[in-house]
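Paired with chain B in one complex and with chain C in the other, chain A is shared by the two complexes that follow.
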Partner chain A sequence: MGSNMAEAHPVGFQWVMEAKRKGATVIHVDPRFTRTSAVADLHVPIRAGTDIAFLGGLIHHVLENEAWFTEYVRAYTNAPMLLREDFADTEDLDGLFSGFDPGSGTYDTTSWQYEGGTAPPASGQRDLEQDDAEGSAEEAHEHERGQVAGSGGSPVETWPERDDTMRDPRCVLQVLRRHYARYTPAMVHEICGIPEETFRRVADALVRNSGPDRTSAFCYAVGWTHHTVGVQYIRAASVLQSLLGNIGRPGGGILALRGHASIQGSTDIPTLFDLLPGYIPMPHAHRDEDLASFIESNSGRKGFWGDMDAYTVSLLRAWFGDNATADNDWCFDHLPRLTGDHSSFRTVMDQVDGKVPGYFVIGENPAVGTANARQQRAGLANLEWLVVRDLNMIETATFWKDGPEIETGEMRTEDIGTEVFFLPAAAHTEKDGTFTNTQRLLQWHHKAVEPPGDCRSDLWFYYELGRRIKQRLAGSTDPRDRPLQDLTWDYPVDAHGEPSADAVLREINGSGADGELLPGYTALRNDGSTRCGCWIYCGVYADGVNGSARRRPGGEQDLVAAEWGWAWPMNRRVLYNRASADPSGKPWSERKALIHWDADAGRWTGGDVPDFPVDTAPDYEPPEDARAAEAIGGAEPFVMQADGRAWLHAPAGLADAPIPTHYEPAESPVRNALYGQQANPARQRFDRPDNRLHPEPGTPGAEVFPFVFTTFRVTEHHTAGGMSRWTPYLTELQPEMFLEVSPALAAERGLEHGGWAHVVTARSAIEGRVLVTDRATPLRHGDRVVHQIGVPWHWGPNGLSTGDAANDLLGVALDPNVHIMETKAATCDIRPGRRPRGPALVAFLADRRRAAGLED
Partner chain B sequence: MGLRDVLAGWPLVRQLTGTDGLGRGAAARSGRTDAARPRTADADTVTASVCPFCAVGCGQKVWSRDGKVTHVEGDPDSPISRGRLCPKGSSTLSLVTSPSRVTTVRHRRPYGTEWEDLDLDTAVDMIVDRVLDTRRRTWQDTDDQGRYLRRTMGIASLGGATLDNEENYLMKKLYTAMGAIQIENQARI
Partner chain C sequence: MGRLSGPLADPSGDAGYADRPERVGFFTDTSVCIGCKACEVACKEWNALPAEDDVLTGMSYDNTGQLGASTYRHVAFVERTVDLGMPGLAGDGGDATEVRWLMSSDVCKHCTHAACLDVCPTGSLIRTEHGTVLVQEDICNGCGYCIPACPYGVIDQRPGDGRAFKCTMCQDRLGVGLQPACATACPTESIRFGPLDELRAEADERLAALHDRGVDDARLYGHDAGDGVGGAGAFFLLLDEPEVYGLPPDPVVTTRDLPSMWRHAAAAALAVAGAVAAAFVGRTSR
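Then we have the complex of A and B:
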C-alpha cells in the first residue's frame, strides 16, 4: 500500500515476485492501477488519502473476529495495559482525543498515558518539557515530535497496571475495540470506495496468512508518508501487524521503501534539523540544562536507550576530541539549541520573508522538487547567497535566469539580488563512500576514476569549507567560535586534496582509549574513554574490517547473506527478532523459526544476529534497580521501548493521536464520514497568500476544485529529474509530462487522449499530455463519483525531457510529528488545452482564487 | 568484388540460401559485427560500486579505461540485485559521462544577467567569507527569555539523499559547530 514497488523499486520487487512464485499472495491497495497492480493477485483501488480507514477496517475485522495472535499480543504488546480514567477517545469527542487545545491546535497528551505508569515525554517529544512556565516547552512542543519515535521508545519510569485477561474496559485492547467499532466493511466502502466483498477478501487473506506458522508483510513508500496524517498511516499498520504477530518475525514487518540511494543514511546520520547522529535529539533551549539533565529527560531507564549517555558523550568526544572533558560537560554547550520547528518548509517561508540570507543546496532540486515550488523559488529569489552543488544545471541554479516567474513577469532577473555559486559535483563513480539502502544495509562504493574539471565530492567541499573556516578563526577569542576551534577536523587527504572517506567511516564507527576500532555500541562508555560518530553504526568497522565493503557473492551465502555489506545495528537483518520466538524462547513454529534460546549454551542463537542481550534468559526478571540492557526482561522483545512492548496505543511520543484515526486530507472533496472533525486537527497549517488551501467540502468555493489528484513516479525518471532528465535513453523512454485520467473524466471534461490538458489549483496551473486510461478508477463516495487524476512529478523546464512541475500545484500542509507535506491527496480542476502563459497565467490563477473565495 | 559476390553477401540472400532461415544468427552478421569487441574487454579497471538512484542498493560494476568510465553493469554477485538494473540504473553510464555535466564553477553576481567563470579556489574562499559574515550578522547568543541558543538562523542547508553517509556526517558536524541549525534533507520532503 502507498507504494508502486514494481515501478519505483523494480529490482527490489523481484523478491516479491519470487515470493509469489513460491505461493505468496500479493495484494496491491492503491488509487492507481500500476505496474505493481498488473502482477498482483488482487488490485484494490482506494480513494487517495483514506488508507487509515481501510487499515482501521482491517483492525476492526481482527478485533471483532478475535483473529489476533493471542499469546503474542498478551506478552509482547501493550494490549493488557490500563489507560487513565480521564482518557477520552474520538468516539467520545466526535473525532478528537482528550487534551486538545483548539486555540493552539495542539494536544496535551498527559491523559493518553498508562494508569499507574508515568510516561515522561516520549521519544518523539524528547527534550521538550522542562521549562513549563515560560511557554517555551509549549512552543517547542507545538512543532517538535515524532522523528525520534521511529528509532526508539519512550521513557516509562514506573510499571503501569495491566490486565492480562485483556477484559478490563480500560485496557488497551478494549479501548481499541471501541475506537474501531465503526470501521466496518460498510464504512470502508463508504470512505474508501472499496466494495465490501473486496475488503473481505483482503481481510481473510491477511488473517489466514498470519499466526504461528505464517507471516504477512506490508510494504509502503511515500504514498503513506506524504499526508497530514502520514505518521498515523504507519502507526495503523503497526497496530495491525502487532495484533497479528507479524513484527520481528521472518517474512513479517512493515517495510519502508525509501526512494534514494542513501535516504536512510541521511536519516541515520541526519542532515535533519531535529536530530543528532543515531536519532539522539538535538537539544532544545532550556534554562540551566546540562548534559546530565538532557540525558535524564530523554533516555528511559530501561532498554538500549538507557545508555544514551554513553552514545552522546562518545559523539561529543568524536566531534570535539580531547577538548571535550568531564569538566566542561563534554562540550555539550557547543551544540546550538532549537526553539521550535526549523524544518525545510518553515525555513523556506522565512526565506520568502527575507530572514535567511544564506542557503546551501546539495544534490537537491527544490525549485521543482518540493511542494509549492513557486514558494520555493520565491525563497531562492530572496536570498543574499546560494550555493548549488550538482551534476547538471538544474532549475534551482537557474531560477533567476529562466524560471517560470521570469516568463510570467512576476520576477525580473535584474531585480533578483541572490548571488549564485554553482559548484559542479563528483558522481558516485568518482568518489569512495557508503550508501545506506532501504533495508539499513551500508554498502561501500569504490572510486573508479577522478572527477573531471572542477567537479569535487561533497566530502571535499565540506572538508575544505571547514578547514578554511577553522584557519580563519584560529586566532579568534570570541566564545562563539570555540566550537569551530575545538572541532576535530584532521582527515588525511590524497594527492588531489580529496579527504579519506575511509577515515570518516572509522570516526563514525568509533574507537577506544588506545585508538582501537570498537566492535559495537555496547562497547561505548559515558566516561569519555570512547569516541563514536554514530552509535547505531558502531561495528561497521569492527576488527579493522570495513564491513560495508564486504562482497561475498550472494550465491555462496544463505538468504540472509550476512557477509554482503553491513546492516545497522550490529549487522542485524530483522529488527526485534526476539519476537520470532515465544516467551519461553522457542520458535513459534519450525516454519517461521529465526532466533531461539539455546539453554545449553545459555545464549540466543539462530539465523540472524539476535536483537536482544545475547545471554539474557527467557525467564530473566530484572531487579528493580536494574537499568538499560539489564532492565530488559527475558520475554520483552521490543528492546528500544521502555516497557519492552509493541505499542497498540501510544501513551506518549505523538502529536496528533495515540490511536490512528481516519481524517480526510487537508484538501478533500468529501466530508469525513466518521466524525465531525474533518481533517487532522493538529496538522501544521500556513495560511499565507502564497500558500492558499482550497475551501472545505460543502463550503462556498469548494466546487471550483472538484477533483482529487495524487502525485506519482515512473521507473524511467528519478525524483525531480536532476539525475534523469538530462539522459538521452531515459528521455526517449519517458519524453514528457503527462496526466492520467479515466475515460469518464475525459468525457466529462472534454479531454482527448494524446491532447493537452491543464490541472489547476489555487497555487498554479500546469499542463501535460492527456493519458486516458481505464487504469484511472473513479470511485463512488456516497451518492457522488470521485475522480482521481495521476500527476507524475519528475518534470521541470531544464534538461532534455521537459515539462511543468507537479509541485507547483501543491500547497503546504504538514504532518505535525515530522513536518512532512501532503502530496498524495489534494483537490484540483482539470481543463482541456494548454495552460495560459506569461502574465495571463497570473491573471487566470487570481481569477480562480477569487472564484473559490480565497484572498490574494 | 563482382556483383555476384555483393549479392551473395547480402544478408537477405544469406538468410534465404544459408542455414540461418530466421535471420537471427550467421545471416545477420557483418564485417563490422565480427570486428566489434565489448567495451569491457579493453577496460583497465573494474570497480565495485552501488547504484546511485533509488534505495534498493543494486550492485554495480564500473569498467574504466584511461581514467574514463566506459561501461556500467549490474553486479551478479549482489544478493540484493543478482546482476539486474532497472532503466535508471542501466542509464548510469550516460549519467556519469553525460556531455550535459557542468565541469567548471559558475557564478552569478547579485542582479547579474549572465553566468560568469570563477576559479574553484576563489569560489570556496568567497563562500567562506559569506558564511562567516552571515553568521556574525545573524548570531543569537540567547533568546528573549535569556535561554542559551548559540546559533545562527541565517544559514540554511538542504542536502540530497544521494549523498554518502560520510558526506552527511561532515555536513552535520561542521554545521552544528558553526551554530547553523536549519539543516535539512530530502529525507523529510
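Then we have the complex of A and C:
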C-alpha cells in the first residue's frame, strides 16, 4: 500500500517476485493500477487519501473476529494498559481527541497518557521567551518529541496500571475496539470505494497468513507519507501488524521503501534541521543550556536511549576531537540551537518573505520537485546567493532566466538579485561511499570511473568548503568562529584531492582510547574515552572490516543473508526480533523461528543478531532502580520503547492522534463520512496568497475543482528528473509529460487519447498528453462517482524529456509531526487542450480562484 | 548448409563447428516481467546503439514500438480488460472489471532454422559456435534480403547506415563468459540466459507450477523443436495468445519450402524453356 514498488523500486521488487514465485500472495492497494498491480495477485483500487479508513477496517475486522494473536498482544503490546479517565476518543468528540485547542490548532496530550504513568518529562516545559516572538518554538518542541518517540525513548517513567484480561473498558484494547467500531466493511466501501467483497478477500488473506506459523508484511512508500496524516498511516499499519503479531518476526514487519537512494542515510546522519546523527535531537536554544539538562530532558531512563549521554559525548568527541573535554562540557555549546520550526517549507516561505539570504541545493530540484513549486521559485528568486550542485543544468539553477514566471511576465531576470553558483557534481558511479536504504542496510559503492571535467563528489565539496572556511577563520578571535576552529577536519586525500570516504566511515564507526575501531554502540562511554560519528552505525567497521562492502551472494547464505552489506544497528536484520520468540524464549513456531533463549548457554541465539540484551533471561525482572539496558525486562521485546511494548495507543510522542483516525485529505471532493471533523485538525496550514487551498466540499466554490489527482512516478525517470531527463536512452522510453485518465472521465470532459489536456488548481495549470486507460478506475463514494487523475511529477522544462511540473499544482499542507506535505491527494479540474500561456495564464488562474471564492 | 526445417538438435554442429560450446539461448518468462525496460537500456548501453525518436506513442507505456536496427530488446505493454460479468458495477465499482496489463520483453528468436541466414548472399549472417544467429557488421552490404525473410520482423536496416542489425546475444560477452547485457540487468530474472536444454527443462517446470496454481492461460512460445522454425533459441512463457503480444501465432521459416521451391522452379524453368523452344520452333515453322 502507498507504494508502486515495481516501478519506483524495481531492484528491490525482485524479492517480491521471488516470494511470489515461491507461493506468496501479493496484494496491491493503490489508487492507480500500476506495474506493481499488474504482477500482484489482487489489485484493490482505493480513493486516494483514504488508507486509514481501509486499515481501520482491517483493524476492526481483526478485533471483531477475535483474530488477533492473543498471547503476543497480551505480552508484547500495550493492549492491557489502562488509559486515564479524562481521555476522550474521536467517537466522543466527533473526530477530535481530548486536549485539542482550536485556537492554536494543537493538542495538549496529557490526557492520552496511561493511568498511573507519568507524562513525558519534556512536555511540561514551555519556552515562554520564544512563544511570543515566533509562536513556533512549541511546534518545534512537539516535533522533537515526535522524533525521539519515533525512534524510541518516549519516556514513560513509572508503571502504568494494566488488566491482562484486556476486558477493562479503559484498557487500550477496549478503547481501540470502540474507536474502530464504525470502520465496518460498509464504511470502507463508502469511504474508500472498495466493494465489501473485495475488502473481505483482503482481510481474509491477511488473517489467514498471520499467527504463530505465518507472517505478513506491509510495504509502503511516499504514497503513505505524503499526506497531512502521513505519520498516522504508518501508525495504523503498526497497530494492525502488532495485533496480528507480525512485528519482530521473520517475513513480517512494515517496510519503509525510501524515496531516493540513501534517503534513509540522510535521516540516520541527517540533513534535517532538528536532528543530530542517530536520531539524537538537536538542542533547543533556551532549554538545553548544557549537556546535562539536554540529556535530562531527552533521554529515557529505560532501554537503549538510557545511554544517550554516551552517544552524545562520543559524537562531540568525533567532531571536536581533543578540543572537547569534560571541562568545556565536551563542546556542547558549539552545537547549533533550534529557535523554532526551520523545516524546508517554513524556510522557503521565509525566503519569499525576505528573511533568508543564502541557500544550498544539493541533489534536489525544488524548482520543479517540491510541492507548490511556484512558491519554491519565488523563494529562490528572493535570495542573495544560491549554490546548486547537480549532474545537469536543472531548473533550480536556471529559473532566473527561463522559469515559468519569466514566460508569464511575473518575474523579470533583471529584477532577480539572486547570485547563482552552479557546481557540477559527480554521480554515484564516480565516487566511493555508502547508500543506506530500506531495511537500514548500508551498502558500499566503489568508484568505477573518474568524474568528468570539473565534476566533484559531495564529499570533496564539503571537505574543501570546510577546509577553506577554517583557513579563513584561523586567526579569528570572534567567539562565534570557535566551533569551526575547533572542528577536526583531517581526512586523508588522494592524488586528485578527493577525501577518503573510507576514513569518514571509520570516523562514523567510532574508535576507542587507543584508536581501535569499536565493535558496537554498547562500547560507547560518556567519559570521553570513545569517539563515534553516529552511534547507530557503530560496528559497521568492527574488526577493521568495512561491513557495508561485504557482498557474499544470497545464494551462498541463509535467508537472513547477514554477510551482504551491514544493517544498523549491530547488523541485525529484523528489529525487535525478541518478539520472534514467546515470553518464555521459545520460538512461536518452528516455521517462523528466528532467535530463541538458550538456557544452557545463558544467551539469546539464532539466525539473526538478537535485538535484545543478549544475556537477559526471559524471566528477568528489572529492579526498581535499574536504568538503560538493565531496566529492560526479559519479556519486553520493544527495547526502544519506554515500556518495552508495541504501542497500539500512543500515550506520547505524536502531535495529532494517539490512535490513527480517518481524516479526509486537506483537499477532498467529499465530506468525512465518519466525523464532523473533516481533515486532520492539527495539520500545519499556511494560508497565504501564494498557497491557496481549495474550499471544503459542500461549501461554495468547491465545485470548481471536482476531481482528485494523485502524483506518481514511472520506472523510466528518477524523482524530479535531474538524473534521467538528460539521458537519451531514458528519454526515448518516456519522452514527455502525460496525464492518466479513465475512459469515463475522458468522455465527461471531452479528452482525447494522445491529445492535450490541462489540469487546473488554485495554484497553477499544467498541461500534458492524455493517456486514456482502463487502468484508471473511477470509484464510487456513496451515490457519486469520484474521478482520479494520475499526474507523474518527473518533468520540468529543461533537458531532453520535458513537460510541465506536477508540483506547480500542489499547495502546501503538512503533517504536524514531520512537516511532510500532502502530494498524494488533492483536488483539481481538467480541461481539454493546452493551457493558456504567458500573461494569459496569470489571468486564467486569477479567474479560477475568483470562481472558487479564493480571491476577490 | 544442412537442413532448412524440422527438428535439429545441434545447429552449430550442423553449421560445421567441430569444437563448440553448448547451444545457449534466452528463456523470457513474461509472468515475472515488471516492465522496467532495464533490458532495453542495458542492451543499448552495451551495444552502443543510438537512441531513437522521442515520441509518446500512446500505446500504453510502450514508446519503443517494435524491434529494429537500433532496438534489440523491446518491452511490449498490453492493456486488456476482462469483464467479470457483474452488471451495474462496471466502471465505478472498483474491481468489477478486471484490468490485465501484460508486459513482455521481445528479442530476436535465434531460430534453429533462420531464414535471414539462409537468404544472406554475402555470408554476413552466420550461425555462431554458440548456436546463435549473428550479423557480421563488417561484411553486411545492406542488400536487405534478410528483412522480409524473418518471420518475426526482427531484423532491419538502420537509416543512414543501410546495413542490417539485430540482437547478437552479446556475442562479445559470451566469448568471455559473461551473460548478455539484458539478462544481467533484468531484476526479476524474467530474462534467463543459459544452455538451451536447461532453459527448456526450467520452462517446463515453471509452466507446470503456474498451471498448478490455476494460471491456465500460461503457455510456452517458441519452445517446440517441431514448430515452423525448428524451435527458437529465444523462447517465451506467455500469459495469453501470442497475437496479443504482437507475436505471429505460427511462424514458419520462410525458406522452409526453398528446396521444393527450387525443384518446382527447375521444373517450371524446363517447362518454360520447352515452351519457348516450341514457340521458336513454331515460328520458324511458319
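Throughout what follows, the second predicted complex is superposed on the first by the 823 of 856 C-alpha atoms of A that agree within 3 Å, B and C clash if a C-alpha of one lies under 4 Å from a C-alpha of the other, contacts with A are read in each partner's own complex, and residues count from 1 in each chain.
The rule is short, and it goes like this: a residue touches a chain if its C-beta (ideal position, glycine included) is under 8 Å from a C-beta of that chain, and two chains touch if they have at least 3 such contacts.
Since we're looking at a predicted model, the values are computed, not measured.
Of the two partner chains placed around the shared chain by superposition, chain C is the only one that A:801 touches, whereas chain B remains out of contact. When the two complexes are overlaid on their common chain A, residue A:43 makes contact with chain C while staying clear of chain B. With both structures placed on the common chain, the touch criterion links A:774 to chain C but leaves chain B unconnected. Once the two complexes are laid over each other on the shared chain, residue contacts for A:730 go to chain B and to chain C alike. Legend: residue contacts after superposition of the two complexes on their common chain; A:738 is shown touching chain C, with no touch to chain B.
Using the contact criterion defined above for the overlaid structures, shared-chain residue A:715 touches chain B and also reaches chain C. In the superposition on chain A, A:14 makes contact with both chain B and chain C. Between chain B and chain C, B contacts the larger number of chain A residues. Of the two partner chains placed by superposition, only chain B is touched by A:277; chain C is not.
Within chain A, the residues touched by chain B in the first complex and by chain C in the second are 10-11, 14, 715-716, 728-730, 733, 800. Listing the residues of chain C that touch chain A in their complex gives 32-38, 40-41, 44-45, 51-56, 58, 60-61, 63-64, 79, 81, 89, 91-97, 99-103, 187-189, 213. Residues of chain A that touch chain C in their complex: 6-7, 10-11, 13-14, 17-18, 20-21, 23, 33, 35-39, 42-45, 193-195, 198, 714-716, 728-736, 738, 742-744, 753-754, 769, 771, 773-775, 777-780, 785, 800-801. Residues 45, 47-60, 62, 64, 67-69, 72, 75-82, 84-92, 94-96, 98, 100-111, 113-115, 118, 120, 123-128, 130-132, 134, 137-139, 141, 143, 145-189 of chain B are the ones that touch chain A when the two sit in their complex.
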